[in-house]
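Each of the two complexes below includes chain A, the first together with chain B, the second together with chain C.
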Partner chain A sequence: MNFTLPSFIIPDALLLLFPFIVIGSRLFCSYRSQIPWRIANIGFIAIFVLLNFIPLANNVGKFFICNWKIDDFGVLMREVLMLSAMLGMWLSKDYFEHGADGKPQMHQIAEFTGAIAFATFGGFTIVSACDMLTFFLGLEIATIPMYALTAWNKKDQLGSEAATKYIMMGSVATAFELFGFSYLYGFSGSIYFNDIRMAVEAGATHPLLWLSILFLFCGIGFKLTLFPFYTWAPDVYEGAPTPVTAVLSVTSKAAAIAFLVVLVFGPLAPVQEQIAPFIALLAGVTLFVGNLGALKQTRLRRFMAYSSIAQAGYIMIALLGPVEMARTAIIYYLFIYAVSNYLAFFIFGIIGHHREETFDSLRGLSQQNPALAIALAISMFSLAGIPPLAGFFGKFHLFFAGATTGHYALVAFAVLNNVIALYYYLQLIKSAWIDEPEDHLSPLRLTKRQRSIIVALSAAVVLLGVLPFLSNNIFGGFTF
Partner chain B sequence: MDTLLFNVIWAIPLLAVAISVPIPSTRIKAIKLLHIISGTVVMGIIGYLTYRVYTMGAEPADPKAFPLLLRFFTDIPWLSSINAHYTVGADGLNILLLFLTAAIVWTGMLVSWNIKGNQKIFFALIQILATSVYGVFMSIDLVLFFAFYEMEAICMYLMIAGYGSGKKDYGGKKLTLTLAFGSSMILATLFGIYFQSGLDTWNIAALSRITLPMNFQMWAFPLMFMGFAVSSSLFPFHFWSPDGHSAAPTAVSMLAAGVMMKMGAYGCLRVAMFLMPEAAKFWLPYVVALLIFNVVLGPFIAIRHKDLKYITAYSSISHLGLIFLGLAALTPVGLRGASLQMISHGFLTGLFFATIGMIYERTHTRDITQMGGIMRKLPFLGVGFVIAGFAGLGLPGFSGFIAESNIFIGAFQQDSTITRFVTILAILSITTTAVYILQTANRMLHGNMPAKYETLTDADLREKIVVVFLVLCLLIIGVCPGWIADMLDTSIAPIFDRIAAATATVVGG
Partner chain C sequence: MINGITLSYFIFLLPLLVFVINGLFVGNRSAKGAAAIAVIGNGIAAACAILVAVDYFTSGMAPGKVIPYEFTFLPFAGFNANIGLLTDPLSMMMMVVVTFISFMVNIYSIGYMRKDPSAGRFFSLLSLFSFSMLGLVAATNLFQMFIFWELVGVSSYLLIGFWYHKPSAVSASKQAFILTRFADSFFLCGIVLVSYIVGSFDFSVINDLTLHDFYHTTINLGITTISQADALVLGAVLIFIGGWGKSAMFPMHIWLPNAMEGPTPVSSIIHSATMVVAGVYLVARLFPFFAICKGTLDIIMVVGAFTMVFAAVIACTQKDIKRILAYSTLSQLGYMMFALGVCSMGDVVVTTGWTASTFHIFTHAFFKCSLFLIAGSVIHVVHTNDLDKMGGLWSKMPFTYWCCFICVLAISGIPPFSGFFSKDEIILAAFQGHHYVVFGLALLTSGLTTFYMFRMFFLAFHGDARSELVRGHRIKEDFAMTLPIVVLAIPSFLGGYIAKGFFEHYFKPGSLHIPQLVKLEELPWLPYIAVGVALLALFIAWVCYCSPRAKVNKALDETNRSSFYKIVYHKFYFDEIYYAVVRQFVFGGIARTARFIQDYIIEGILAFVVASVHKMGNLVRFAQSGYLPFYLGTLIVGVIFWRIFGQLPL
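Moving on, here comes the complex of A and B:
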């Protein structure tokens, strides 16, 4: 046990404290006041910066009767989650000033940012957990604010429907997980990951263990939108407000994949090779189904839902690799996925403020605002995995991790699937670049914040993969 | 100094794009000039480096790149997580292909001076495409190679769909997706090569020093070869090429047929055959059988087409088939012929598409039955087209003759009945080529001229420069091919040595 790193816990503590401050500040200022928003900004940025100060040198700090640990994977995951939270918050700001896509203006920005912070803290908890109780708590903290966020527009029927669907599905998933955990506990007699790991090592063929693994995968399958539990995603992504969709597709997915990483390389590490075929099957089917589903979509957010289902399948491939390589590849990919995805959502947000969020509204974009059309192309090509954009290098690392343990067939299948993916991303780019607008185009107004973020994200997508800065930082932290 | 110059080749186009971004679109002339000047600079640099490679012939090459005779070798760690390096270098083959690329990019930019649409973006896309092709011909590291190789997809689709004509979205998608299909096969095999070799390196030279396991080669080679063959429009993956070319704007057709299709052939030679020579020995005779379509049936299809770009696309398919015939011959002469044909056909098809584009700009149709007698109004362009046609059917004096005769000799040396049979068919198919070239020239340039063409004007100075430049390149290779053949011979030698050694292994084992 190592207690020499108490300062490492400061960001976690801050993040826990800080939604209370943001929401509490509402007591002292007027309804239209910008103060909670400013506090939220300062807080998120401060936490992100603090996280970046933690050196990556195989940290293994453990706190609070040994159920809260901070390691390199945790620190990097925290950075991904904070990045997603910050971008999500900035994306949402405009929706509090005017409505979008026929939906009314949103209210209560303080509570909104507070909810995002709570969801992020849930992600922090998942990556810090050393026992099943904390682990489960983290997953719930990460999920429950999402239900509220999905239904943030109280008067929006679609939003309420989506939230209901999400809660129903989410509760079933939670039940599955709890059930799985209970069997795991029954099998090993302990809630601590280390003890479970030893028990798994000793009795790898016990049917209870495999039953619990099955249930755990079912549960997390819902959250990560794996086949066959992905069906809620398009409806929820479509119904939720756009910024919430973005947060859902990044934070929620990152938290879920972190859950799997902690599980597969933690307590279940001794049987990783036995569950590998299962993971490979899930990954292959999920990315295939996601790609097929996206082919015929005409609404932007439904499209992004299927695209993110496919991305979940791609991420799963890395889980097959050796532990360090899998972790680093997943984090690297999540960084890149977050940046590319938010870039797309920022653009959709701008379109959505003035028009419906469909492919048709993109028409004529290249004539009306070439810079925006270029940014859209950059983000789509990055999601499709075309070099030299970051998405290619992200996927390359995922495939690399998968191929290290010899899963060539799956990697080849995933690589071929990229062609299908490229088709539908091209479909979207075609709308923006080639199709003539049908009638008069409503003007697009970009605020200064939107413009600077879009430029920054585009630059990040172009440079993150090519320059070895990010990958060397992430991979340098681990010893292979 | 030379090494530094070599390394900035791919950076200059990107730099030009970066500089052009802040210039407002209203000053489009300045932007276009900037791009053309940068193209000229790159061409100058590569021309100088070609001369250097030629004069350096006797000096020993960089030992780290053994067995390849690479000049300007640079090796910098890049992505340490996957052991990818920034490794570039060039031997005679690379540098000549680089020069071809620079020439086609330069002429392509001149040709698209008046292209309709957002010119600022179009020129930026051409420059990015140029970067990608330079990168492919420079890189020795497989990750770098693949990244550059796949980068073309971005620019190709946007340029065809945004600036093309006819079924541009269909053509663009067909081209991009088929090429992406090819590169996904390549990527899958690259992973296999990396992990099977166990060397933790993507360096082609290093990988070529070992022999990959035979059972791996047997399935990896066809996959990778086909992956590269897709972009060279080898049957049965040729279907993207006619639609893609006909939809593309002139400069993109020139680049696609002139340079990108060579990337596939280059990849087959430098990666697939070089790294897996044993499997190449086994599989290439089957490829020869496939070539019957490309070489023999391609010209026949061209005869039946009325659209100039379709005709040229099928003519490219047949010429690319000849490249593969040279590769599949697996003899030094055949390989030399194939590499010569890569370069020669690049200039040739560039000239073809350039003149077609210029004629199309004036007549607004590419249907040869609609045209007639335009030789009277457009003598310069007409002559340019006929020269391209004659060079294409291998008239002595032009580069095509040298390349094709080498291929035929090389292929006939191969001691296999099917190869010889295909070679004979290929030689006979030159007659078919003559038929469609002469028929097209006759219908388009001679006969009765429709009245609407009375007002046509011949090429202006910009267009004349393009045509004269490309014709000169064809002539120089055709009249004095010796020095080029020398450069190619030295760079092909290590590849052939490996293939020759592979036979011994198979026979001995």
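Moving on, here comes the complex of A and C:
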């Protein structure tokens, strides 16, 4: 057999093997052993580094066994997902060492990282798919581990309740999705994207096509927390363990938006203009509702749930733009969103170690640990999109993509909504900086890992904003 | 590998590094450590600047323009905003001056800030200023220049208000910042206008323009539509207004004397030697562009010449030693500014004014910086700015006294001190440009300059000691403060003589797209006239303030004077006019109307919007009931909802 593995497939292959190795290593060492954790670390970092060696700026994309496509968007998306997986793993480590937020300690870190790796691989599959079957499988691989992760803390009843809600609603959404795919197949007679695209070009007004688009968007609306399919998010974000919430808000959202990008700029590209009003409505309503919901929250993770609903709305705006600009803006924003969001979650994790994860627990943070309070302010200002932090440039590119195709009203509406967003993000900062603590605060202890990650993430948020040319290769590398 | 390019990185990075290290880590722990870091960092930067300059001038590149490196800071559609380093004789000269003076002032500050509890912050901010100023002079394009232009403004604001517990310092810092920002807003409009028409921020492109290409296309400015050539002229004037404010030309001059509330080392580096010449630098940098925009240079000349005379007259009556120097700075900036303006002669230009102006930037930086440092030393000793309380210091502070003498001679334009050469060239340039009125005013001002400088010199150092502090105490010169004064006195003494040929050889404004007058009149008698005027003024000052028969106390008494003297003494009441305008017109008229609209109309609408947003927020929370059947219902309802409202062609 003259078969050699092309080098660009190595990260994918490694990621597929990774969970088996990590979980398998559990068989050979004791319960308390750190070896699986070390292997997981090395594995994730190695995959992330290898991804960076895949050269960008390749117009066509490379194919592995003819229907596994790797292009620029795929590579950068993989990097986002891997970044999220790594940060999620590092965030979770503390929860396996002690209880937090009034919940008991978690167990089985090897399986936990394995599950994250599977979810990440699902994301890889979505961006590599060339046919509906692979595409759908990717979506499911990305979703199913999340159900398990949500209920990871077996002794926590809220977690189980959240997982139940999640899985029930997820099944309905999957049904929508499959229904949409079946109509799309019925309409085009093929499962291959290229064929579908040609069919769409030929029969853009066929009702079967539009029915399938409606269901596909509603199905993915569940994962992307679009209105009114977001209802699971606050409850699940609240019930799941904090690291899982973080992974949900980044990996799951990134996979879902990648799904839409592949769909809208792939098989549905010929009708992008006709879908645009629908996307604009979805985006506008979603970000408005997300912002409204976040206004009056007291618990941090519930707050982040609404914040991430609103962010999903903002990201959707870029889908209206021309293909190249939209993909660039979305990738860039996802990087920044991942970094800012994880920064917030790391801080919440530290706060939640001895206290509850509520706004009240943040009080007096600026006196107790000013550095942490500054990091919190950086993260919140970035999420709110205040210049010169990275979040501002991210949002700018999203809005710019939307405005390029003339959706000025929507962009203006989104900008106005940013004011509401600023209000609630500022409330969090107010808790940390202005409100006096009510009684004696339990001390905050930072491990070396937490400290270095918080410093690195804060620096990333600040530098990406102050020195926009640092991210030039994201803009420069894109030639679709 | 150490070569010119790597060294030039250090010039910028070291001050920035010092700022960061002192600002974040060392500053509030150890003032001594901060001082050491600042002196070492800026010292190495100065050495690097000198090495790079030597490399540039000996390698045969001079006087060409080279851009060793440039990064894209922000890509725009069509053109980029870059950050880079421009090397040409002008920027190399400025870089050497800025780093060298910064080094000297940092040494001086060790002594001056020795007892200040927040010296660490001071050293950190001083380095921030050096970094910003270096970025400004190295700018390859208008965009970079504007960024650093604002940065020097910010560091100036922070340093003027350094003693923020003094209300006068705070209000002076606000005034300086607001006035320069006011001018900068025009500057920004100019940048937008010019770069929009030209399609580039780069100096090389803007300086290479000819207006012919722009006569036939028009541009809509919102109010009217004018041809692009006219818009370019408008842009040139707007850009100059930025320099107008930064260099504190009349009538935006009032912030500079008030800025003397800051610590004296700050006045010395920012408000005399470097930052305030940024406006002159801007005009010099864009000179070919200004030259093609007819009329711009004439505005520059009028503004410069008027400020020169106006400030010199005020300086003759002031009693605050730092304010005298501040008005003298204004007057000298006027010299530099009009020297650029007199290059224009209708349809042709002469470039001698450009050379003279840049030459004067160079010499002025040293002697004026030194004079401020001397004033600081004196103030440090007698604890007041007031000339009333000085006198008789010459025997107590011998080094300072002699250095002051050198610098005063330099600024007065007495040969062979440095100021003589540059000022002589400026006056000559005015004659060569056939601007005889300005020529006469310049000669007159040269006399006034000598008069007020020697007035200050005699009153501070000669005569009887007029305060107990000077009479009684044993006064010792602080080594850290005297060393920079002595070092700076050397270029003040010799700089002009040595550098004259150098400037005449290398300093030309670059290729011009407008005819140049080559054959110029020489005035062999001019130096004699100029020196004669100066000596006459010196003699008058001596008679009034130093001769055995002079009645110093009467001369210092400002109450029993003619009304003209009083008007001048009160600086033509400009502070009061500004105050009245701001109070009556801005606060009383505009602000009150705005306040009314704000209170009753905008607040009302806002309150309504906020209340409804909160109501809707409650609604969203209410929908979040927690019941799974309800949630599942939303999924179904959602599909139906979007089927109806999703605007899909179904």
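Simple rule for what comes next: the second predicted complex is superposed on the first by the 465 of 480 C-alpha atoms of A that agree within 3 Å, B and C clash if a C-alpha of one lies under 4 Å from a C-alpha of the other, contacts with A are read in each partner's own complex, and residues count from 1 in each chain.
Just so we're on the same page, contacts are C-beta pairs under 8 Å (C-beta built on N, C-alpha and C of every residue); 3 or more make two chains touch, one makes a residue touch a chain.
Values in this document were obtained by computation on a predicted structure and should not be read as measured data.
S.K.: Kindly say whether there is room for both chain B and chain C on chain A in the superposition, answering fit or clash.
M.R.: Pair status: clash.
S.K.: May I ask you to decide whether A:A377 touches chain B, chain C, both, or neither, giving the answer as first, second, both or neither?
M.R.: first
S.K.: Taking the superposition on A as described, I'd like to know which of chain B and chain C A:F229 touches: first, second, both or neither.
M.R.: The answer is second: A:F229 touches chain C but not chain B.
S.K.: Scan A:K430 for contacts with chain B and chain C and give back first, second, both or neither.
M.R.: A:K430 sits against chain B, while chain C stays out of touch.
S.K.: Let me test your reading of the model: by the given contact rule, A:I213 touches which partner, first (chain B), second (chain C), both or neither?
M.R.: It touches chain C, and chain B stays clear.
S.K.: Per the contact definition in the header, classify A:G221: touching chain B only (first), chain C only (second), both, or neither.
M.R.: A:G221 sits against chain C, while chain B stays out of touch.
S.K.: Please indicate which partner A:P388 is in contact with in the superposed arrangement: first for chain B, second for chain C, both, or neither.
M.R.: In the superposition, A:P388 contacts chain B only.
S.K.: Just to be sure I read the superposition right, which of the two partners does A:L292 touch: chain B = first, chain C = second, or both, or neither?
M.R.: Only chain C; A:L292 stays clear of chain B.
S.K.: Just one of 164-172, 362-370, 380-388 or 470-478 in chain B hits chain C in the overlay; which is it?
M.R.: Residues of chain B that clash with chain C lie in 470-478.
S.K.: Under the contact rule defined above, give the chain A residues that sit at the interface with chain B and also at the interface with chain C.
M.R.: On chain A, the overlap between the chain B and chain C contacts is residues 468, 472, 475.
S.K.: Where on chain B is chain A touching in the complex?
M.R.: Residue list for chain B touching chain A: 78-82, 118, 121, 143, 146-148, 150-151, 153-154, 157-158, 161-162, 168-169, 173, 176-177, 180-181, 184-185, 187-188, 191-192, 194-195.
S.K.: Under the definition above, what is the set of chain A residues touching chain C in their complex?
M.R.: Against chain C, chain A makes touches at 164-165, 168-169, 172-173, 176, 205, 207, 210-211, 213-215, 217-218, 221-222, 227-229, 231-232, 234-235, 274-275, 277-278, 281-282, 289, 292-293, 295-296, 420, 468-469, 472, 475.
S.K.: Considering the complex alone, what residue numbers of chain C touch chain A?
M.R.: It is residues 71-75, 613-614, 616-621, 623-624, 626, 628, 630-632, 634-635, 637-639, 641-643, 645-650 of chain C that touch chain A.
S.K.: Please give the residue numbers of chain A that touch chain B in the complex, ascending.
M.R.: Interface residues on chain A, with respect to chain B: 328, 332, 366-367, 370, 374, 377, 381, 386-388, 392-393, 396-397, 399-400, 403-404, 406, 408, 411-412, 415-416, 418-419, 422-423, 426, 429-430, 433-434, 468, 471-472, 474-476.
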